[in-house]
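Letters A, B, C and D name the chains as they come in the text, with residue numbers starting at 1 for each one.
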Amino acid sequence: MALRTAAEFLAGLRDGREVYYRGERVPNVVDHAELGVAARHAAIDFELAENPKYRDLAVHRDGSDTYSAYFRLPRNTQDLLARSKLIEAGTAEGATLVLLIKEIGTDALFALKRVLTRAGDALGTQRLEAFYRRCRDNDLAMAVAQTDAKGDRSKRPSEQSDPDLYVRVTEKRADGIVVRGAKIHTSCTPYVDEVIVLPSRSMAPGDEPWSLAFAVPVATPGLRLYASDYLHGIDDPFTRPVSTNHKMVETLTVFDNVFVPWERVFFIDRPDLAGATALTFVEFHRFTAVSYKLPLLDALVGAGIAVAKANGIERAGHVRDKLTWLGGYAETVRGLTELAALRCKVEDGVARPDVFTTNLAKWTFARDFHRAMETVQDLAGGLLVTGPGGKDWNSSAVRPVLEKYLPGAWPAERRMAIINLISDLTTRLYGGYQAVLAVHAEGSIEAEKMAMYRAYDASRAVSLAMRLAGLEAAAANK
Amino acid sequence: MALRTAAEFLAGLRDGREVYYRGERVPNVVDHAELGVAARHAAIDFELAENPKYRDLAVHRDGSDTYSAYFRLPRNTQDLLARSKLIEAGTAEGATLVLLIKEIGTDALFALKRVLTRAGDALGTQRLEAFYRRCRDNDLAMAVAQTDAKGDRSKRPSEQSDPDLYVRVTEKRADGIVVRGAKIHTSCTPYVDEVIVLPSRSMAPGDEPWSLAFAVPVATPGLRLYASDYLHGIDDPFTRPVSTNHKMVETLTVFDNVFVPWERVFFIDRPDLAGATALTFVEFHRFTAVSYKLPLLDALVGAGIAVAKANGIERAGHVRDKLTWLGGYAETVRGLTELAALRCKVEDGVARPDVFTTNLAKWTFARDFHRAMETVQDLAGGLLVTGPGGKDWNSSAVRPVLEKYLPGAWPAERRMAIINLISDLTTRLYGGYQAVLAVHAEGSIEAEKMAMYRAYDASRAVSLAMRLAGLEAAAANK
Amino acid sequence: MALRTAAEFLAGLRDGREVYYRGERVPNVVDHAELGVAARHAAIDFELAENPKYRDLAVHRDGSDTYSAYFRLPRNTQDLLARSKLIEAGTAEGATLVLLIKEIGTDALFALKRVLTRAGDALGTQRLEAFYRRCRDNDLAMAVAQTDAKGDRSKRPSEQSDPDLYVRVTEKRADGIVVRGAKIHTSCTPYVDEVIVLPSRSMAPGDEPWSLAFAVPVATPGLRLYASDYLHGIDDPFTRPVSTNHKMVETLTVFDNVFVPWERVFFIDRPDLAGATALTFVEFHRFTAVSYKLPLLDALVGAGIAVAKANGIERAGHVRDKLTWLGGYAETVRGLTELAALRCKVEDGVARPDVFTTNLAKWTFARDFHRAMETVQDLAGGLLVTGPGGKDWNSSAVRPVLEKYLPGAWPAERRMAIINLISDLTTRLYGGYQAVLAVHAEGSIEAEKMAMYRAYDASRAVSLAMRLAGLEAAAANK
Amino acid sequence: MALRTAAEFLAGLRDGREVYYRGERVPNVVDHAELGVAARHAAIDFELAENPKYRDLAVHRDGSDTYSAYFRLPRNTQDLLARSKLIEAGTAEGATLVLLIKEIGTDALFALKRVLTRAGDALGTQRLEAFYRRCRDNDLAMAVAQTDAKGDRSKRPSEQSDPDLYVRVTEKRADGIVVRGAKIHTSCTPYVDEVIVLPSRSMAPGDEPWSLAFAVPVATPGLRLYASDYLHGIDDPFTRPVSTNHKMVETLTVFDNVFVPWERVFFIDRPDLAGATALTFVEFHRFTAVSYKLPLLDALVGAGIAVAKANGIERAGHVRDKLTWLGGYAETVRGLTELAALRCKVEDGVARPDVFTTNLAKWTFARDFHRAMETVQDLAGGLLVTGPGGKDWNSSAVRPVLEKYLPGAWPAERRMAIINLISDLTTRLYGGYQAVLAVHAEGSIEAEKMAMYRAYDASRAVSLAMRLAGLEAAAANK
């Protein structure tokens, strides 16, 4: 068995996991009004594999091996491009919201594999390989818990007033370890099978208790998930065509003396591996990120073009200018994403997207996303926030009034459909969610700039400048 | 009588007005769960006049005359500055949301007065004066219905497929006129006393039926208000400290053969006055706008500073850089607003804020507002959209977990309070509302640029350039 | 014979051509103090072909065919990438100044070939082929005269007060045609062998006399070149390490009843081909442009890094931020240039760089070039414009004072070398030249945006938006 | 005597001062081909006082006191506004180049007065007062030498490899002190009467030798001026209508064991006064700066408008957009400058421009100046760098060709005049000079941001945010 159906996936979530939502324990996430929507959104991942349109992209077949293509270790540019396309396709099917139940997990597995291999850690490598096969061969969904609660960000883990603000080992036993602490911003935790736990930063000697990586099933005793209610539902597909049926849920992920058997501990007491793991993970994960941002950008560009037509303003000079900027912005992100794959580095048989180019793509995306939202709002007009709701539209008394008074160059129904799409994408909870993700998810803009600064190969530029200055003989860095 | 209490204002709204919300007729806006919040927000206006802290600002006393200071016709810079301060104070009391039940109405009255005076229209002036005194002496709340439904924006009123897409006269009778059509984006209509109706654009010969200005009480037969439900309430003051108790409501404002007696018709069949009215109105109204934006900008700056401290990052170079930009942005808008008053033009005894400077202030505000939101989100972090809700915080089971894991340099309760303020101001419905208002309310960014282009006095700059080019003798425009 | 030496090229310029410089006829450009520098700069092109380091890039060998690689018709991505690399290498050897004596000419030839082929113009194609072989087999240098004098830019050629403001046919004879008029901004004309003349815009019926393309040797009677003196020399390699020895010269190119034999007329009286020629030419030429901008960008980035070290400020947060931006900017242009080749369209056996991506690269370059200059100036400091000149440095009395007082973290000599490089690149004539080229050469920024708007394939974006809005069935453009 | 004529001023410069230019000692700056131009530019200052148009602005009359208005100690907003207007008028007369022979000197004197008064330094105050009266009553021109040579900018004065990299005391004698070291970027030194020397940074205990302020006549033994040749002349008023006759000269200002009598030493051995002096000086000097930038901005706006007309493009949408931006930019700087005076702080009878607003104005100017240059270049076109020179224009053979082919909507002569103005202002040496001044003069952009950060009064913003967050009771900074 290597491919599950959406139904099998959802059935697997009924396992007594300890999830809290709005102050209360959730008996079953699948049946829950809010969390169930998120679980079904995630399940689109399994539907892709059954959909003839996407099967080749979504399913890896290699001799007798058949498994979800997310698990395919990228070995070259083609593998990376295929992975990017798969992530993009899944997100487009998810109506601009990434599915993220295999993307991020495999990013973590690929990163751990590289770090352990380079460290020559045979035991860790073996445990990781076993875990990887388990996930792959059972077609499991995975979350990655990385960002620690952190406390005062100007202090190190060992300096915090509470040592639990970073997840740590509190006990080592013959059969495994006991961990304690909390991670925040963990996406999809309530509706995946496994949680992979990585360090969130570089560590130094003295930080041993916080320097570990492991994985546990979600339904492990002591693992408690406190779900955010940010994308809670108000069922109005009229004004929220995207977010009514598509949600993602993040959790505060608390490890309250959780026992982890040794075979699930990938490394421990290794401050030297913590930073490398964090960095290698984001190398893969930011490539995932720029891949899954593309449908969102396409939706903004497409909605901008459509609403300009709906309003009858598409010939105005400033409108063309704005649409050109929008298209140029979106296509720069797309182009740099493609280039990151084309320029991949292959090491130990694993292809990593080019670090500089990946971060360049992500930074390009992040620093102009708010401007893109503004641009589309500008094209759409004030009805984004002053227009009717679904109950108005469905009222036989009100609807004729709306139909009479809300047409533009398009009839009211079609015009309001596109305006409401933009409202959902940019002005309501989902818009705010995407806006914050743009500046914080997969690392902040500052983190991306730091990665660019480090990864930039200055040799060609500096050599040229020194030659032009007549300083060939002098090394610039002396 | 010239000053009403908040209670008197609210009591006055129980008059059988025809308001629809979410597809249903609202029996009484004051008692309505959503609309009542908006009405009580507006009522802050009347509380200001009773508050010793604001009384001097809010109440005009001139001999025996005592009335709300909004009605004071500005005669010089001091009057304009006082008006600006009053609007700013009201908005700060309104928690960054403008009250707008007298600001916009008096903007319209001042504009009509100027247009009718300049046109030498004695009858119109007399009717306007009577209406102005009625509003002032009864301390009435007013909405202004200006933006027409418009239909295809590339066509004129008379070219639209439906002549009602712009409000128009359908019948002239001995005692008055009958009007028909619809206005959109009308703010506060459900909870004011009077609606003042202005043309939304310049008109030309042939556009007579659409070239009129008048006023009607809200409870006039045939006047139907279809309220937007955009800022509908989910009662969670934990995550929505601002918007739970502060709302504004816009309506689709339909005139279904509404009768208007002649004494309430300020002008009619005057294409020549339509554009002047629209332009003069925004001259006053954009000054109102930049005045009421200031508390919102202050709140963003203050929240940015506070959350940087709460997170323990306020000493980082990039954080200081962002806070400096934020402060510089906010203070540029404030400074230009002040200058617009200082540079006022006094004509026929009425002081109008300088048009170029007012539009410069508004454009400065509008073109960087999304960047300001992004900056504050950047400082606040991902908890904006992944954090707990009020039910979590109020749960005795969950709260201790949050208190343990969500502190930064500040304890969790205070840190989450400031993060949630930012979330309300930038990522949820209220944030989206303010974002769209920034680019569309009181005219779009393009409209502001056009006003700047027209109002710019190029003589000094062009003379200097021509002199430097040795072309003193040549006029630049030949 | 297909490869000439630099000496042969320079010798070929001694042909009696009619060149004016600073009001006087130039007897011989090669021996001229200013123009000679430009000619020798251009001659680097021929040196490349002799340099083992570049020979493979610069020389095409195909069986017995051996010719300058610029003439190789691109047939696929690899050819385009090789062409881009050759242009980049030549410009780097030219110290950031493009050589441009074969790049632009072959852009024109490739464009004409495509337009004539598509038009099914056998005669024109045959003449073009003969001319192409002549240039290739004799290793000729070519200028392209495209931009017409234009006059009032709001008027068409036939509406101008003087019909000569666009180059036109004044007479048709049995053996050829007579042309009259002037082109501006023609680069390198004084020191090339041939001038290819293209229309600068689309034409319409009635514009027949201005709708032609042809080529003439520079030393043709009636062809007069009025050279700009913008980059004239002040011999101070200390402060002008780049521009002292590297110049390009543009001309006002006047056709005073120039006779062109029929075999050199590629088309005539074809308003339908004029616009296509202009557009196809820039498709190739903007790809040339973004290729030759890369060394300039590298020089700015490298100089920025070096001067930060020279000043001892490279660890400051704001300095890293600026260097990161610079590198990100340069690499985005480079990446998009590469992508334009990767996404080429092959038609009739000719590979054209992707139009949208090429323009995206050019627009990305152009809209931030001034910011890049500002950034490097910011890092370098005020000595850019307050420092010593070469005569100071060479004075035994002054130099010790400078050596004592002008060191930073680097000794004064090395520090001033890098500061002077930046001064030459950004604050003096050469800097101004590059700044203006950024916004005007190969089309203005507005022209690039228009090309992007037209070339953008909106189908994916619009389909997605329409699907998300529930409007699958509706076509967005209806 | 309190007002000198320009001739008297120039005569006073013939005093044996030790000036080096291009490696050679200059016998007399007034007669020198280059430096003489700068001296005559500076002399415009004295002409203003004689010009009826400016006399009221330029001359202070108070009872029997009559002196140059630059020396008037500002006591209120009106004085600051008058000072700003005087500086603006002088710069406009100087064709966008500031005169700066009294502006900066009085900035220094006002700053020293305030620092010494607050420090209760009676002796220093008395010496300063005597020096101030000497300058005022003799109508002297003054330079301010502030920026030290600095060496490695990451090190303090006492840590430099050479202690002379900051000006310091090397000997204290009964009659005065001996100083040694060098200042850079000193403007106008070769053609003023006095040099005032201020510390360039804050000092700490241990920095005593570098913590001093004093003044010396330029013709003091041991004071050597090494003039930059950056704005050297090429006499072509056709292409350089501004910079041919208007120059400023900066020097490397070397103190080679210069003796300063005690009455000219304002303070010494006072690390505690060094930083205060530097900061107070820039408080005044940045206000001077934003005042003198206004004619430059006006010239750019005016030239932009004129060239758009000259080219016949002023009706294009993108052109209007660019002109609107330009005007908005210039007027924001002007408005904030005015506000800085309006918001002045009066202390000890001296009015200082508001620090935050002054820096806001300067930062607003500096961060968009390159964009303004780009915008005007965009409107002007490629002829900025490909057009004819003065010798072409003056040639009877060439001029008719230029007149025929270079008209736009304006005739060639007028069009080229405005294009050449823009070329001089933005692409040649003068343009580069202004560009570098924008980011470095009177402190870098980073210095302005730091000043804004420190001067920003966060109380209103933070109080509001804390109240909105429900944290009234909590102080934000705890």
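Basically, contacts are C-beta pairs under 8 Å (C-beta built on N, C-alpha and C of every residue); 3 or more make two chains touch, one makes a residue touch a chain.
This structure is a prediction, so every number in the text was calculated from the model and none was measured.
Undergrad: Specify the angle of rotation obtained when superposing chain B on chain D by their C-alpha atoms, rounded to a multiple of 5 degrees.
TA: The superposition gives an angle of 180 degrees.
Undergrad: Based on the averaged CA atom positions, which chain is farthest from chain B?
TA: Ranked by distance of C-alpha centres from chain B, the top chain is C.
Undergrad: Write down the chain pair with more C-beta contact pairs when C-D is set against B-C.
TA: Most C-beta pairs in contact, of the two: C-D.
Undergrad: Would the interface of chain A with chain C count as same or different, where same needs over half of all numbers used to appear in both copies?
TA: Counting which numbers both chains contribute, over half are shared, so the two copies meet through the same residues.
Undergrad: Please work out the Cα centroid separation of chain A and chain C, and write it as a whole number of Å.
TA: The computed centroid separation for chain A versus chain C comes out at 43 Å.
Undergrad: Where the centres are mean C-alpha positions, what is the separation of chain C from chain D, in Å?
TA: Those two chain centres are 38 Å apart.
Undergrad: Rounded to a whole Å, what is the gap between the Cα centroids of chain B and chain C?
TA: Taking the average C-alpha coordinate of chain B and of chain C, the gap between them is 52 Å.
Undergrad: Where in chain D do residues touch two or more of the other chains?
TA: In chain D, residues 318, 321 touch at least two other chains, as defined above.
Undergrad: Within their complex, state which residues of chain D touch chain C.
TA: For chain D paired with chain C, touching residues are 20, 22-24, 147, 149-155, 161-162, 164-165, 182, 184-185, 224, 226, 228-230, 232, 234, 250, 252, 254, 311-313, 315, 318, 369-371, 373-374, 377-378, 381-389, 391-392, 394-395, 397-398, 401-402, 404-409, 423, 426-429, 431-433, 435-437, 439-441, 444-446.
Undergrad: Contact residues on chain C for chain A in the complex?
TA: 92, 95-96, 241-242, 295, 298-299, 301-303, 305-306, 309, 320-321, 323-324, 327-328, 330-332, 335-336, 338-339, 342, 356-357, 360, 363-364, 414, 417-418, 420-421, 449, 452-453, 456, 458, 460-466, 468-471, 474, 476-477
Undergrad: For a test of understanding, state which residues of chain B touch chain C in their complex under the given definition.
TA: 316-318, 321
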